[in-house]
Amino acid sequence: MKKLINDPERFVDEMVEGVLLAHPDRLRAVTPDNRVLARADAPVQGHVGIVTGGGSGHLPLFKGYVGKGLCTAVAVGNVFSSPSSEQCYEATKAADGGAGVLYLYGNYGGDVLNFDLAADLAQLDDIPVRTVLGADDVASHPKERAADRRGVAGIFFAYKCAGAAAERGDSLDEVARIAQQAVERCATMGIGLSPTILPAAGRPTFELPDGEMEIGIGIHGEPGIHRGALESADRVADRLTAPLVEDLGLGRGDRVAVLVNGLGATPLEELYIVYRRVRQLLDEAGITVARTYVGEFATSLEMAGASVSLLAVDDERLALLDAPAHSPFFSEGPRS
Amino acid sequence: MKTPELKRLLVAVMTGMQQHADELRALDAALGDGDLGITVSSGARAVVAALEDVPDDVSPGVVAKSCARAFATANPSTMAALVAGALLAGSAVWDREEVSYQDALDFAEAAATSISTRGKSQVGDKTILDAMVPAIEALKQSPGPAAGLEAAISAARRGVDESQALQSRRGRAAWLQERSVGLADPGATAFLRFLEEVERAG
Amino acid sequence: MKKLINDPERFVDEMVEGVLLAHPDRLRAVTPDNRVLARADAPVQGHVGIVTGGGSGHLPLFKGYVGKGLCTAVAVGNVFSSPSSEQCYEATKAADGGAGVLYLYGNYGGDVLNFDLAADLAQLDDIPVRTVLGADDVASHPKERAADRRGVAGIFFAYKCAGAAAERGDSLDEVARIAQQAVERCATMGIGLSPTILPAAGRPTFELPDGEMEIGIGIHGEPGIHRGALESADRVADRLTAPLVEDLGLGRGDRVAVLVNGLGATPLEELYIVYRRVRQLLDEAGITVARTYVGEFATSLEMAGASVSLLAVDDERLALLDAPAHSPFFSEGPRS
Amino acid sequence: MKTPELKRLLVAVMTGMQQHADELRALDAALGDGDLGITVSSGARAVVAALEDVPDDVSPGVVAKSCARAFATANPSTMAALVAGALLAGSAVWDREEVSYQDALDFAEAAATSISTRGKSQVGDKTILDAMVPAIEALKQSPGPAAGLEAAISAARRGVDESQALQSRRGRAAWLQERSVGLADPGATAFLRFLEEVERAG
């Protein structure tokens, strides 16, 4: 295990402690166990609160998207493991500024069960809650079952759009609508080149021999739709991009935002090599790339691999993408 | 069975369950994300720790509730949430000083119903229910505890084996689609191991 | 090789092409071979230009620090290999806004030879050039030979300070003075947990058995000062931090900026675990952490490992650190 | 030796040099960053390609200049810059149609001086000079080309071997300090392999 850790059981606690020590002006702990964090200025009175959360091991997901123009609070689970319903509920209270709360997180069984329970508790407090699930991984289910797909890197777009809407004062219904559309108009597919090791398990979560790739892998190492010998970056980009264009029904004249995301161990250089090919394909198809994001947005500890996400955009969605957003992990546009 | 005996049984079973962490991790790694080993081992450890603080004079229902809370928060995954919900549902039918074989049956049925409702799942979806439901059926058909447990273990084992041929329809494993065929469901296997540990402890 | 690449010989060219496709509004190619890049608005008339450069494989170093409030142009070498003197010279011309040019890059033999030659060429064009070398790796030479040390992640601080000075219109002498002080008041030490693989060589640059660590490693995998069994994150942070405090002569009441940098494959979570301990140590020593940076600032392809940098700060240097800076890879503060 | 013969010799030598990439990579990986294999193989390949475009009617000095440019830009590392500078310095003394043994000697001396000046280094610093300077000395002491080359190879080999015991004082290897003792210098080894390839080609 090539890990810079102490006690594996304290991995998440120490990590969160480090985050709070590093960014005390931007994030605060809501609960004494540090498993619920909120924007330093939360709740924002009169604005919709956005609560996210999920397992740890995906930085900057999830806690990295708590900030101005993004989410309001986050519930922090163990590695690859849901936060508890109490934690989700505490995050809800911390985020509620009187205009209701949107739950925006990835479509995973454990998370859904725990957030649903938290929503029941919030209802007792008269906090209106709406839920939108990130479900962008086209490799996890065919289009007919799009709502059952797992959520991966594309949730970044939903955070960005919903966060901008909440920041400008949109109603809960409107913020939820914008988030839901961002999820529905987004598609992602990933490739894994090496497994990840859970600190507490100390062993790879799955086997992937050197020189093989898993196309369609999930961000916990869930198997994808094809395993075979590793191919060239261009060929991989072809495999990842074509299904997205197809799934979103994109064609000549359409506009998209592109996200090439690293899963952890893959160098930024390689992500740009992948982007180059994705861009070529979209150019050839007459699809305009309106915005580009390349980097690590949703990782899987030290997994080697990458994902490509496309978000169909119109002027409204572009304006939301371009709105300022500032967290300790993601910063763009003027800071007010 | 009264609370002190129930607690002793649970401590033994939950101690035994921790030995299956590796197998469950491997099964869950093949069909899901590989964390079921941690869920079960840290959950079982949390239950053992929680039972230490449960006084002997509470009802068996309260014991089940404590277990539920401990298991739910140790590593709150799908399995943890479903099992905790199931224990809570079961505990509701256990509001008495002593529980009978029939009470155990009622508990198990309430638990299975809870999982089915919260998980929107049924037998054949290749989940824990594929072991649990036939096991309960076997319990119901048996004259008493000893024969019942043996029959339940056989039924659960058959459930695990037969569901291997099925495609997973719920949870992470569903993403695998056809590729899930041929692999045993981790949750169903965990339930089988649980019954086996009950037999060993009893 | 778990690499998402095409032809290893075209690794750098395709990567740069991807970068230019992704950020056409921020960066432009100065030469037809794309090996010299500049801020889209370069040269900035009347302002000192800052030229950096070096081998590829270190993203966001070097080209990621070309932008407002940072460097003006960059010469891009092959992987771990110096750019040529012609490329450095072209970068100089692209950066020259009439107020002279500062060369600011890492202290490596090949780079020095090629930049020196470029400076000779620039002199023939009457472009005044000053050179400041990043030389922050305390593991590479003892304090008596501080000027011979190799340059690693700490150069980020020099970019940030010199870039802010150039942006506000300081003279070449002043920008060089500020850069030189930032180098001299900065110290870095790193740890490697796994080697890196040059795409063209296809093999690890050095051997490091699983479970071992190299303390004091360079960002090309240069050997450090101690090799042994991997220790806990806290113990590693102790080993990395103590020599920095000692080297900079820091004590109670001093203020520092801290940079915990990932070398490529190490998860952000682990960097925060390391930061936590660094922070504890500094707190205990009565040294105030005025600014914190955690993430990947200077990498070594897919090497697993991290480095810790300390920069001694006063009010002047803090103001320079806080000045806005915007590149496609690093963004902080208001965008004008 | 006139230009056509010089070109043929260089093509043979530079083709041969590419076979040492692995050894040089490994040596440089131990003492530095492991890129010397690439510098030498891609540099040698670039020289061969450049020589194809060099007409036969230019002077040997122009040939050396073309090699310098090709080697410098192929993979512009320390070694590439030093060797290119050395070739340029040497080419300056070769402004004639045909070069003699004495001209070769003068070339080599100018080259070594260039490396020493630009690299701020001397014999004993455990660099390419530790092989080059004794080799040139041996050449000077020899009566003619054949014996000279043999003596130079022996001297270079001795230089590589003896400098193993030294501590590297220049370039990346210097960072290793005491840990550099016992390892052969990659640049000096590259120079030895170069002389050996000249012998093989000649």
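In order of appearance the chains are A, B, C and D, and numbering begins at 1 in each one.
Just so we're on the same page, a contact is a pair of C-beta atoms (placed from the backbone, for glycine too) under 8 Å apart; a residue touches a chain by one contact, two chains touch by 3 or more.
All values reported here derive from a predicted model rather than from experimental measurement.
Novice: Would you mind naming the chains that touch chain A and likewise touch chain C?
Specialist: none
Novice: Hey, how far is the Cα centre of chain A from the one of chain B, in Å?
Specialist: Taking the average C-alpha coordinate of chain A and of chain B, the gap between them is 32 Å.
Novice: Counting only Cα atoms for the centres, state how far chain A is from chain D in Å.
Specialist: About 54 Å separates the centre of chain A from that of chain D.
Novice: With chain centres taken as the means of their Cα atoms, state the distance from chain B to chain D in Å.
Specialist: 73
Novice: Show the residues in chain B shared as contacts by 2 or more other chains, in ascending order.
Specialist: none
Novice: Can you work out from the touch definition every pair of chains that touches here?
Specialist: After working through each pair, the chains in contact turn out to be A-B, A-C, C-D.
Novice: Quick one: which bits of chain A touch chain C in the complex? Just the residue numbers, please.
Specialist: Listed in rising order, the residues of chain A that touch chain C are 1-6, 11, 14-19, 21-23, 56-57, 59-60, 191, 193-194, 210-211, 230, 232-234, 236, 264-276, 279, 292, 294-296, 299, 301-302, 304-306, 329, 331-335.
Novice: So in the complex, which bits of chain D are touching chain C?
Specialist: Residues in contact with chain C: 25, 29-30, 32-35, 37-39, 42, 72-73, 75-82, 85, 118-119, 170-172, 174-177, 179.
Novice: Which of the residues in chain A end up touching chain B in this complex?
Specialist: 77-86, 108-110, 113-114, 117, 137, 139-141, 148, 150, 198, 200-201, 203-206, 218, 220-223
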